[in-house]
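Multiple structures are listed underneath, in structure tokens.
Note that chain A is present in both complexes that follow, paired respectively with chain B and with chain C.
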Partner chain A sequence: MEVGERTIPLAKSVARNTLLARVRSYLAPIPLMGWLFGALVAVVLEQTVGLPLALVEQTVGLPLALALGLTGIPGLFGLRIMLTRPALIPSAAAYVLLVYALPTLVVARLSAPLANRLARKLLDRFPLMVSLMVHLALFYATVHLWGGISAYRILFLRFIFISIILTLSLNLVNGYMGEFSCSHPGFMALGAYGASVLTVLLFVNDDVFGAPLLPPALGPFLFPLALIGGGLLAALGALVVAIPSFRTRGDYLAIISLAFMFIVKSVIENLEIIGGPRGFMNQPKWADLPTVFAWTAVCVWTIYNFTRSTIGKAMCAVRDDETAAAAMTINTRRTKMATFLFAAFWAGVAGGLFAHVIGYINPGTFGVYKLSEVLAMVYLGGLNSVVGSIAGALGIQVLIEVLRPLELWKWIAIPVLLIVLMIRRPTGLFAFTEVNIKDLLQPRQTLRRSSVQVPGEER
Partner chain B sequence: MTLATFFQHLFNALQWGSFYALIALGYSMVYGVLMLFNFAHGDIFMVGAYIGFFVSSGLVAFASLGIIALPNWLILMLTIVLAMFLTSFVGMLVERVGYRPLRGAPRASAAITGLMIGIVLETGNLALLGARRRSFPVLIATQSYQLGPVTVTNTKIMIVFLSILLMLGLHQFVRRSKWGMAMRAMAYDFVVVPLMGVPLNTIAALTFGLGSALAAAAGIFFGIAYPILEPYMGLLIGWKAFVAAILGGRGSVLGAALAGFLLGFIEIFVAAVFPSTLRDVIAYSIILLILTFRRSAQAVI
Partner chain C sequence: MPLLQVRNMTHFFGGLRAVHNYDLEIELGQVRGLIGPNGAGKTTIFNLITGIYQPTEGEVVFNGQNLVGLQPYQIAAMGVCRTFQTLRLWRHMTVLDHVKLAHYSKIHYGLLGAFFGTGQRYREEAEIEEMAYNLLEMVGIRRVAEQVVINLPYGVQRRVEMARALASEPQLLLLDEPTAGMNPEEMVEMMNVIRQIRDELGLAIFLIEHRMKVVMDLCDTIQTLDFGEVIAEGTPEEIRSNPRVIDAYLGKEGIA
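Up next is the complex of A and B:
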């Protein structure tokens, strides 16, 4: 009796395993580049199928979507429809299957030999960087075309990228450094206001700041400098937190950074020249999708390399055991300060981008709620992991968008979901794991057995 | 600032500081015993105020219907006791749901669940009771007394007196009782002390319960002093009391209470001397300075 009960689920799991194994072996020869080809074709398909109607009526709508009974192209893979109009779920699923999943799969599988050869050539003949650039370009083309359908998608994508920068920079402090910092909204505010003041002062005819000091045509080219200026201002602010906090280890940073956040918000509210509590507007909206994407790519690249640099390793040593690290001739205080300032710089850049996406900022944005949001992203994704931070930022932003129809209940659903997730996986989704870039870009010529796992994919 | 206005502000600061002190005690005890931040505590304060509101409204309704005949001061005392009792269960629930499952996890994970429970409490309140602000029933008519040039009201005296009484009670509990001794032992070492037969889960629940009860008292006092309740009332005051709690030293009852009063004093006097919009800038810059020059934060209950 007991044996019989046991064998049935076992047989089932074996059957599932073989099916899974078959799917896996079917997908195994597809390299990352193949998937990117597939996704690109899928989004092009979405565009061109929609094109005739767009030409006729000047509206963005897919004949296919309309034929399926949808009111237009689903904004986020039909995820939002689930809650607003449940009757349309099958149509949305069919749309996703027909427009995204099927073409991606077919093209990825068919182009696999070509993609493999290309990936091999890129890796063999050129440095890793070139291969990475090609992949990034393919990825960006996909994202750009996907976003091109509607302004809503573009805005959504930009918020995701900004959140990724913010989450990564906080992960540097709370994860790699092992402290608990609460001041990221403050740094973001400093960066946002710093960059905004620079752009408005230099390139915009504003009521308060007067005529532009430089020809506005130069603006988009000097915009990166303004962002860097904002980032440096945030780093300067971080110095105020870092000097008192890093004398001793412990939970001092938590409250000093919290106090700093209150101070920043209050200072901004008292500065009438930048609008005080009413907020600051008139920023030119230069942070378009390519700009935000480029900054995100640079941020991920620098932070990824930072964690692998000498100072990054020193930082991890300080986190694990400060005394031992000091005995190994690490200047612990300087390491911590450098990391903290570096993280604050990126939070400032994220703030600057945020200001130039919306074209309006007010001090209320950078408060306790922003803090909860960023902390949730970091800890959902997992500490000490670049991949984790990206996943966390993406996850929370998608959740916020998808659950928007729930209105108020959204802020019950998301926290409850997070609580359950934290209890199930206390360290977050991908803590302490990292993807090896070279492995990721490798061609997959040999058919892998399903039992062989790609390094970094376990857990 | 004349001496009269000084005493006037001093009295206001005592009242304002007693809110911070009562809330900070909850943070401080959890931090001392479990080494964790209870970020839901500000919202437990809010829940306590709402529970107090419903209890007192109910009692007033009963009294006016003639079912029970109670004088107003007795209603108030009953409200405080009942609300403290009920809110302590909210605190224990938070511990059970958000903290106990994460006992072995990284410390920050539990802080995140606490933060999320806080958001659930706020939004849940907003969703269930609506955005309408509620005003706390007036149980004791405010009477002003002139002490020379200084005006004091009976509610302020009562709030400050009861707050200090509660703090002293907690202090005695932690110092004298067996449970308090267990808490202090746990604060020294929460790995070894459970091996000596002290139940960790019970002590953790007790810590959360006690802290929440004090927060509920603070909520009711807040409702009496500023009779408007809204779902987000615990947000800012909670985070500020958190600053006071850590400022007071790890798990120190006396330290947290004093730091709470200190924060109240700083805020009130800064607002009195400078334009009140500058209050947060100057108050927290002072805190920053204190923290910069303070050597150690290792006081234990």
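Up next is the complex of A and C:
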């Protein structure tokens, strides 16, 4: 009897394991490029190629959505209607399955041999950079087409990318360097106001700043310089925080950086020339999707490089044992300063992009609320992980959108979810996980099942 | 001129005199020992030489340069490296990373290279990695190179610390109780590693140790410290039979 009782769950788990193994072995030969092909086809399917946006009613996506009983193309995989109109959940799920999941899977599996050969050729014949660029281009094409359906999606995507920059740069300080910094909204504000003042002063006819100093046509080309200017201003602010707080370790940075955030906010509120508490407007909306995406790609690339170099790993050594780090020739003060300023620079760039997405900023945006949002993203995703930060930024941003119908209750629901997550997974989703870009872009083995490797599971 | 010369070094912690008129000369290829009861000031002397503390009086001259006033990382980069009494490894990092990081002062690609991944960066990283693997081979822990140190047994962690110290290419190696907490087999292995380092790399080694077997077997000369002052100095045989040492440190029964 006992044997019988035991064998049933065992058989079940074996069955589940073999099913899982079969799914895995079915998906194993698909390289990243194959998945990108699949996703691209899926979004093309949603918005038939070549049709201008104005004719969006005639695309495949919309009639299907209507046939399924939806009122339009689901903005965010149907996640947003989950709370407002729960009756539509099956329709939304069917839509996601038919339009995204199935085509992606089929195309990815079918194109796997081709994608594998291509990935192999790219890696063998060209530097890693070329292969990376091709993958990024495919990814961007997918994102662009997916976003092209509605202004809402484009805005949502840009906020996600900006959050990724913020989260990743904060992870450098709070994760890799093991300090606790609270001044990221302050750096973001410095970057946002710095870049805005530059663009408005130089390229916009404004009530306060007067006629543009340079021809506005040059604006979009010089916009990156304005963003870098904002980033440098933020780095300068970081220097002010760093000089007193990095003499020792401990809680000093947390306190000084928190004070810094409030100081920045009140200084801006009291500067009438940049609008004071009413905010600052008239920024040209130059931060379109490709611009934001490009900056995010550069940010992820430089931070990824930094965290994998020996110079960058010095910050982890400082975190784990500063005395030992100094005894091993590491200039600990320089390491801490460089990391902190670098992180602040990217927070500033994120702020500059944010200002030029909305075309309006006010000091209230860069307060404790923003801080808790960014911290939640960092700790949800997991410390010391580039993938983690990307996942964290994405997760929180999606959560905010999904729970928007709850209005005020959203700010109870999100913390509760975070607390549950912290109990189940105290270190966050992907803490201390490194994904090697080269491994990610590798073609997958086709025949041998022993070498099946799931991306991101190296450690 | 000796490699390291310490003259009249005195250090106070507030009103407490931890080290008094300490002198030391050490040459390349020598192994010198420092023994003494707990609290005698042995580790303080290491901390004074490596710049963690600044001596109240006296001078520390290494290769003709005065070390007093320099930061620990500068002293380490000049070729004075140390291990710690309690393990001070970087607990989230791999063995290979430990050894690579000790090359920090010799990296030239700078922050821009780190951010943008220039060709120079990949060349330098590859060089460092090769040197690191060679060193791990020598210390006998190459097969755990990819492991995170926290998962390794204690004896291996000690070797990681040794490999890390050697990777900074020191001329003078300070070992603070290298066999502390080891079982007898691990101790014998560690002694072989130390001999191998002396013979193959020709370093000067200065070590603190409580185990008499280690000190007596390895060291050319030994200093005995009590309450911050050197009470005896000489070869292992002289120390063994010195009555002041026996009184202060080894106890009335003498040593086995």
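Definition applied: the second predicted complex is superposed on the first by the 428 of 459 C-alpha atoms of A that agree within 3 Å, B and C clash if a C-alpha of one lies under 4 Å from a C-alpha of the other, contacts with A are read in each partner's own complex, and residues count from 1 in each chain.
Heads up, the rule we're going with is that a contact is a pair of C-beta atoms (placed from the backbone, for glycine too) under 8 Å apart; a residue touches a chain by one contact, two chains touch by 3 or more.
Note that the structure is a prediction, hence the values are computed from the model and not measured.
In the superposed model, A:T302 lies in contact with chain C only, and not with chain B. In the superposition on chain A, no contact is made by A:A343 with either chain B or chain C. Touch criterion not met for A:I396: it reaches neither chain B nor chain C. In the superposition on chain A, A:N384 makes contact with chain C only, while chain B stays out of contact range.
Contacts of A:F432 after superposition on the shared chain: chain C is touched, whereas chain B is not. Legend: residue contacts after superposition of the two complexes on their common chain; A:A326 is shown touching chain C, with no touch to chain B.
The larger set of touched chain A residues comes from B, when the choice is between chain B and chain C.
In the superposed pair of complexes, A:C316 makes contact with chain C only, with no contact to chain B.
The interface of chain A with chain B does not overlap its interface with chain C at any residue.
By the touch criterion given at the top, residues 31, 37, 97-98, 101-102, 104-106, 108-109, 111-113, 115-117, 119-120, 122-124, 126-127, 235-236, 239-240, 242-243, 246-247, 250, 277-281, 284-285, 287-288, 291-292, 296-297 of chain B touch chain A in their complex.
Chain contact summary for the complex, chain C toward chain A: residues 50, 52, 71-73, 76-77, 81-82, 84, 88-93, 97, 100-105, 107, 109-111, 113-117, 121, 125, 128, 164-165, 167-168. Of all the residues in chain A, the ones that touch chain B in their complex are 174, 180, 240, 243-244, 248, 250-252, 254-256, 258-260, 262-263, 265-267, 269-270, 368, 372, 375-376, 379, 383, 408-409, 411-412, 415-416, 418-419, 422-423, 426-428.
Per the touch definition, chain A reaches chain C in the complex via residues 302, 305-306, 309-314, 316-317, 319-321, 323-332, 338, 342, 384, 432.
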